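Pasting the structures here.
The same chain A turns up in both complexes below, where it pairs with chain B and then with chain C.
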Partner chain A sequence: MFVVSNSLSIDIESLQESFPRLLPLYVKNTSLLLIGVCVVSLTIGVGTAWLVTIYDFPFRNQFEWILILPLSIPTFINAIAYVGLTDYAGPIRIILRWLGTDLYIDIMDHSGAVFVMALVLYPYVYVAARSAFILQSASLIEVSRSLGQSMSKTFVRICMPLSWPIIFSGLILVVMEVLNDYGVVHYFGIPTFTTGIFRAWLALGDLQTAIMLSLVVLLFVLFLVFLDSIIQRNKKISNENEDRILSRVPFKLKWIPFFICLLPVFFGFIVPVGQMIWWSILASTIEIWLQSIRFMGNTSILGLLSGTTVVLLAIVLSYSNRLSSKRWYSKSFPKLSMMGYAMPGAVVGIGIVTCIVWLNPDWIYSGIIALVFGYSARFFAVGYGQTDSGFEKIPSQFDDAASSLGKNSFTSLIKIHLPILKPVLMGAFILVFVDIAKELPLTLILRPFNFETLATNAFQYAKDEMAPRAASSSLLIIFVSSIPVYFLNRIIK
Partner chain B sequence: MLKVKNVSKSYGEVKAVDDVSFEISEGEILSLTGESGCGKSTIMRIIAGLEKLDKGSIFLNEQDISSWKPEKRKFGFVFQNLSLFPHLSVRDNVFFAISKKDRTNKRLSELLGMTGMQGLEKRYPHELSGGQQQRIALARALAISPRLLLLDEPFSSLDELVKEKIRKEVFDLLKELKITTIMVSHQVYDSFLIADKLVILKNGSILQDGNPIGIYQNPTSEYVSNFFGASVIIKGTNNQQVAHTPFGDIALPNLPDQFSLCIRPENISINTADDYDITGIVKEKLFKGPHDVLTVRSSMKDEEFSFETERCSHKIGDPIFLKVPKDKILVFE
Partner chain C sequence: MKVLSNLLIALLLVACAGSGNEKTSESKELNIYSTRHYEADRILSEKFTQETGIKVNLVKAGADELISRLEIEGEKSPADLLITVDAMKLNRAKEKGLLQPAEANTSNSPRFIEDEKYWYGITYRARVIAYDKDDVDVSDLSTYEDLADEKWAGKILIRSSGSSYNQSLLSSIIHSNDREKAKSWAEGIVRNMAREPKGGDRDQIKAIASDVGEVAIVNTYYVGLLLNSENEEEVQAGKKVGIYFPNQAGRGGHINISGAGVTKYAPNKENAIKFIEFMTSDESQKFYASNSYEYPVNSNVAPDPTIAEWGEFKIDNLDYAKQTDLNQEAVKIFEEVGWN
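On to the complex of A and B.
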């Protein structure tokens, strides 16, 4: 809101110099990245989801969750790993030299950025596609086959049209992540909207340009949310209360789907983690580990404070939602809170900065309250979504029973709802915590001076061409982020 | 035409289908029946190629098709939940598997005419009633001119009132078109209406197969006899070829040591005190529309049995005299 209201009062004259020159460049680069990452993520995500859901092959069960693992690697850490792998001292060049050739490999361009981002963002599409394929009535696929349609024709004519709305929701998350990305594009030197916002605000102190750029991104995000709501309206998934699941089709050459599913996991998880472990063996000293553990402490404080804030707010809102009979309120609030999640970190950051500047400019960078506020605003939807669906699963008869036994709403919340929701609330907290551990742009904008988190530390080392030193922090982030893979897999099952 | 030979299928430890064999000739209608979990749907799915068999073979016109993919078999399959494609209109559902050049208005009106669905081409499945969805699912399966039509509990999703009407229409159409059909139904009376052959399954094996009326008249086991419902089953003991029963002693040839006797309700008639086989006291009388269900306590032994009869004037506590022709009593080991 601050971004929008401030954009109205901006002096257009002062913008004219840089804005028209930069805008086409940002639009071009951001679009190229968006299209590239979406195409690659869709191909990998939908392809692997289809194989894992429909076919039977070795380790299929394990692949169900292994395929989500790359999500635990922040995009910029994947970028650091791949740059390290392909640079002069990296293992690929070493092997090539050993073989008698020295091929110069440069991945620090658009295609490289698409590659490193898609490899860790495809799980959003995979998770969505898999749940869509599972939701689909098995007999729709079987009836199509019995009518003479091959598996591939059934996929194109039945499964994709029916699953598209759900897959699109997953794809929107990929788009949001690409818009949110600062680490990769800054590291690779690709000017996009996010780097533009950073350059304007942090390097040039030009809040007006930063606000205008944020406004463009904001409008695009609004357009996406609007598009999604239209697509969701036409959702035609029908499960028809069928409890039978599809009997999986055996694949003739059963190792082919195995290797297809292994590829994204290999390049999206094993390779970057391997590189980080290798670096940590090479370069990490006890001091670096101690430093990383200190930053882990900072990250944990932020995660604890923001996670708790989000969960508490989510409980209050979900419960008052449950008690409230006003329908408009319960319907519009989740959509509003989704906007925070949809907005790139840089935009949220600029919004909060404008807000602080408006309140009292001296408060900027004075403490972590701005960060906690920023995280809570940006990741509220994650905690709220979990909590609210948890509340929905508790039958309303529990409330009626409690009130008939003379308990007021507050007592039933404490004695009935919260104990039942304990695992859900834990899950919500962990998801928010992990998102915070991975967050970069918002942290870079709002952190106090000399305040480092694991993410900013890893990024700083990489920026200063000391990538191996980023390994310990990166590994800690990856370790923490792997936890929700378990929750995610359970949710879609 | 289609031969199912020694087919077996297990899921882990559970044997879903155990050494099942039967065949169906061109133009015949075969009904697979049994309690839920007896393996009838699994057999259908094996025939359609949707489930892989562990042992045995499926022959179509003497050709082994066991390894054929479902899409190659071209058997029209109407599923229990009908499974109309929700994103396609009636027209597109019916034309789903037909090549573009064959998608003519003439063919569409022919298929919709057959199933009485003209004028609904542009509707979507959710805009149709249960009965209409049923007809479209059938039209879609017939559109590919299937070698064999498979109907899996095709009427179970319909409510009682619509069910009777649709059932008759579908059966009339199948008879008229002379389509070879295998139907799974847990309602055994469907088989009397339409089937040329009936296969009764229990725990994955065939208990009895053959002509439906023949099976009704000569069931080979108590289970099969009971499957047609409402039979009176009584246990007895063998005393030198005389069965001791609550009805009294009945002399029957070839009595095994352990046996049960089965009497169809239509073979029990209420008679007068001067001509009866069994007598007793009416203990309970239940009103069941056109019928009454009487529970009678035998006067010979302190045991009870129930049977369905036409409406009668007996009240609880009245004496009752029943006539049961001995040649209508079925004996099972």
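On to the complex of A and C.
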């Protein structure tokens, strides 16, 4: 929010003539990417969530959490892994040449970008869809089936419409990640709003165009927030009898769902991790590993501190919302902080430097405060969305009962709301933690002297086209984020 | 929300107070904002600390971000030294009043010291033509300008215009020709491209190895890395290309210079100068030459055998970099001709 107001405070007078010329290009490329990634993420996310929730098949229990794992891979790292896999010196081509043939594979285009991004972003949709399907009372599904509806009809007519609000909130996170991505589109040479904002602001020093481009993105985010508020308003909260356990339907050909679920995990996790392991065997020494492990501590501390900050802020905001008016704009207003999430990180970073210098310049040099502040501003939307929808699920009668027993609102927050919300809050915390472990541009500009995280260490090599040396840190990013991802699944249960 | 976040910051400040008081001993520290992030730099700066007892504090980020940060911080900036991999960026910092002249005792050849001593070169890389040894007759190659000729249709590989190396190259072409000619050059290159501009410099060379194109414009540094890669296949890819230094009969080959400038409000100016002197000393320059496949700026030191093999070459002067607005012109031309 600070960032937005900072950049808006400059008045918009003369626009470069390049703005109208480039806008259609950015709109076209960005929408192609958005549509592609959304369609693929929805298909994978909803499809696999449906399978693991409704059916029974081999390793179903394991798939529940394994399907989230790709989330731990930063999009840019996934991109270089796939380029490394398919380029001249990559294993596929080596094997092909060994077989006496060769084939030029080019992954660096629009569909390649959609592919590498969707494969690591679909878990946002998956997590949302699965928690939605679980929430739907089993009875609804059983009634529908007992009325002779087939499973697919039940899915289309009952489950999807009921789950759509929750799935949509997961999809919004995917949209934001695509909007703020700089690494992949820059590497693949695809001009989008992000690269346009970078170019206008940093290379051309043309603040006007940068602001106009940002405004277009912000308007789009505003539209999404509005759309979200409409969708969430129509949400029919299920009757929450979570005790009933859905009897899972055995799938006739039990290995079919197994392989369907294996596909995204294979391409979104096993393949890039495999490539990384191969690279680390090629390039990593013990020393590189020891160094990376040291950086893992920094990453973890940042994630813990900032995750906690975001969750605390989100609790305060959601709860004060709950206590005050219930109008849609008061609820949607904090969601505007999504704008910070949709902007490229470097732009947010410079905005935050401005803001910190304005507040108190000494802070930025005295440890990691600036970073915690920056992360909290950037990822607030991620934590808030989760927390707020969690609060909404608590019936207001609870509040009334507490106040009739003479408890003030603070006591009831501590004694009633927070215990109920524990899983939701943990989930919010974990999503923020994983995002922070993967974050780069903000970290680069806001970190104190001599401070490395796994991400900064991995990307400095990756950017300098020494991908193999980035492998050990990348693997540790994936490892650090995988642990919370594992717990995330247990929480949804 | 603001009040709350302020409160939170205050709390965190208390929590971090222990680690925050390191700024007091002024003379034994040096704060660097750098865009260079190489192993060689790290080792050298450790050696600097050993020899002088001066602790080096480092923040690494992109040049534009660091310059913005210096601008915003103003007088309160803790930075003593700004290091970038592009002379134009240093000149831009100078124009914005972020640097100050400094008297360092170096053996740099004069072309690698800014006219008014606002910055000193540390290393440089040449932006050259890499060609497919099998398919390209070297005698067909001559200048950057010639690559816009029809005979190269469908053969040229180059990365996107977001790369500062390409922005610098086009700036130098504007400088030595004029805007119109530079624009038609860029148009010609776009017409001749073997594929959409994408990937990094190494990817261009691998694309030659894959027979996607025949000539690529790349930095020598990346060819050096490729030839010394851990992956044998990358070495093979590197060996498939020959290196050609263009414009030898004319203004010389284009180079990118890494340099360091003392910041305007440097709290430890003396240490910053010592650091520049250390990095450009014969010993450090030899170390750079053999570890980062860059060319030394110190006239007493010869380049590494890997890159020396490509031969000596005439370098273009850095006059283009003095006109910092050329970079913006270049970016606009890229946009006009549709060079992504």
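Just so we're on the same page, the second predicted complex is superposed on the first by the 308 of 493 C-alpha atoms of A that agree within 3 Å, B and C clash if a C-alpha of one lies under 4 Å from a C-alpha of the other, contacts with A are read in each partner's own complex, and residues count from 1 in each chain.
Methods note: a residue touches a chain if its C-beta (ideal position, glycine included) is under 8 Å from a C-beta of that chain, and two chains touch if they have at least 3 such contacts.
This structure is a prediction, so every number in the text was calculated from the model and none was measured.
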item: Chain B versus chain C as contact partner of A:I286, first or second or both or neither; value: neither
item: Touched partner set for A:I230, first chain B, second chain C, both or neither; value: neither
item: Which superposed partner A:L162 touches (first chain B, second chain C, both, neither); value: first
item: Contacts of A:L253 with chain B and chain C, given as first, second, both or neither; value: neither
item: First, second, both or neither for A:L99, with chain B first and chain C second; value: neither
item: Residue contacts on chain A - larger count, chain B or chain C; value: C
item: Which superposed partner A:S146 touches (first chain B, second chain C, both, neither); value: first
item: Doubly contacted residues of chain A, that is, touched by chain B and again by chain C; value: none
item: Residues of chain A touching chain B in the complex; value: 137, 139-140, 142-151, 157-158, 161-162, 236-238, 240, 242, 247, 250
item: In the complex with chain A, residue positions of chain B that touch it; value: 45, 48-52, 69-77, 79-81, 83, 85-87, 96-97, 140-141, 144, 150
item: Residue numbers on chain A that touch chain C, as the complex places them; value: 1, 18, 21-22, 83, 87-90, 93-94, 102, 104, 106, 108-109, 186-191, 195, 198-199, 202-206, 282-283, 305, 309, 312-313, 316-317, 346, 349-350, 353-354, 357, 359, 361, 363, 365-369, 372-373, 376-377, 441, 444-445, 447-450, 456, 460, 464-466, 468
item: Contact footprint of chain A on chain C as seen in their complex; value: 1, 4-6, 8-9, 12-13, 16-17, 19-21, 23, 31, 37-38, 57-62, 64-66, 68-69, 72-74, 76, 78, 159-160, 162, 164, 167, 195-203, 206-207, 209-212, 222, 225, 229-231, 233-234, 236-237, 327-328, 331-332, 335, 340
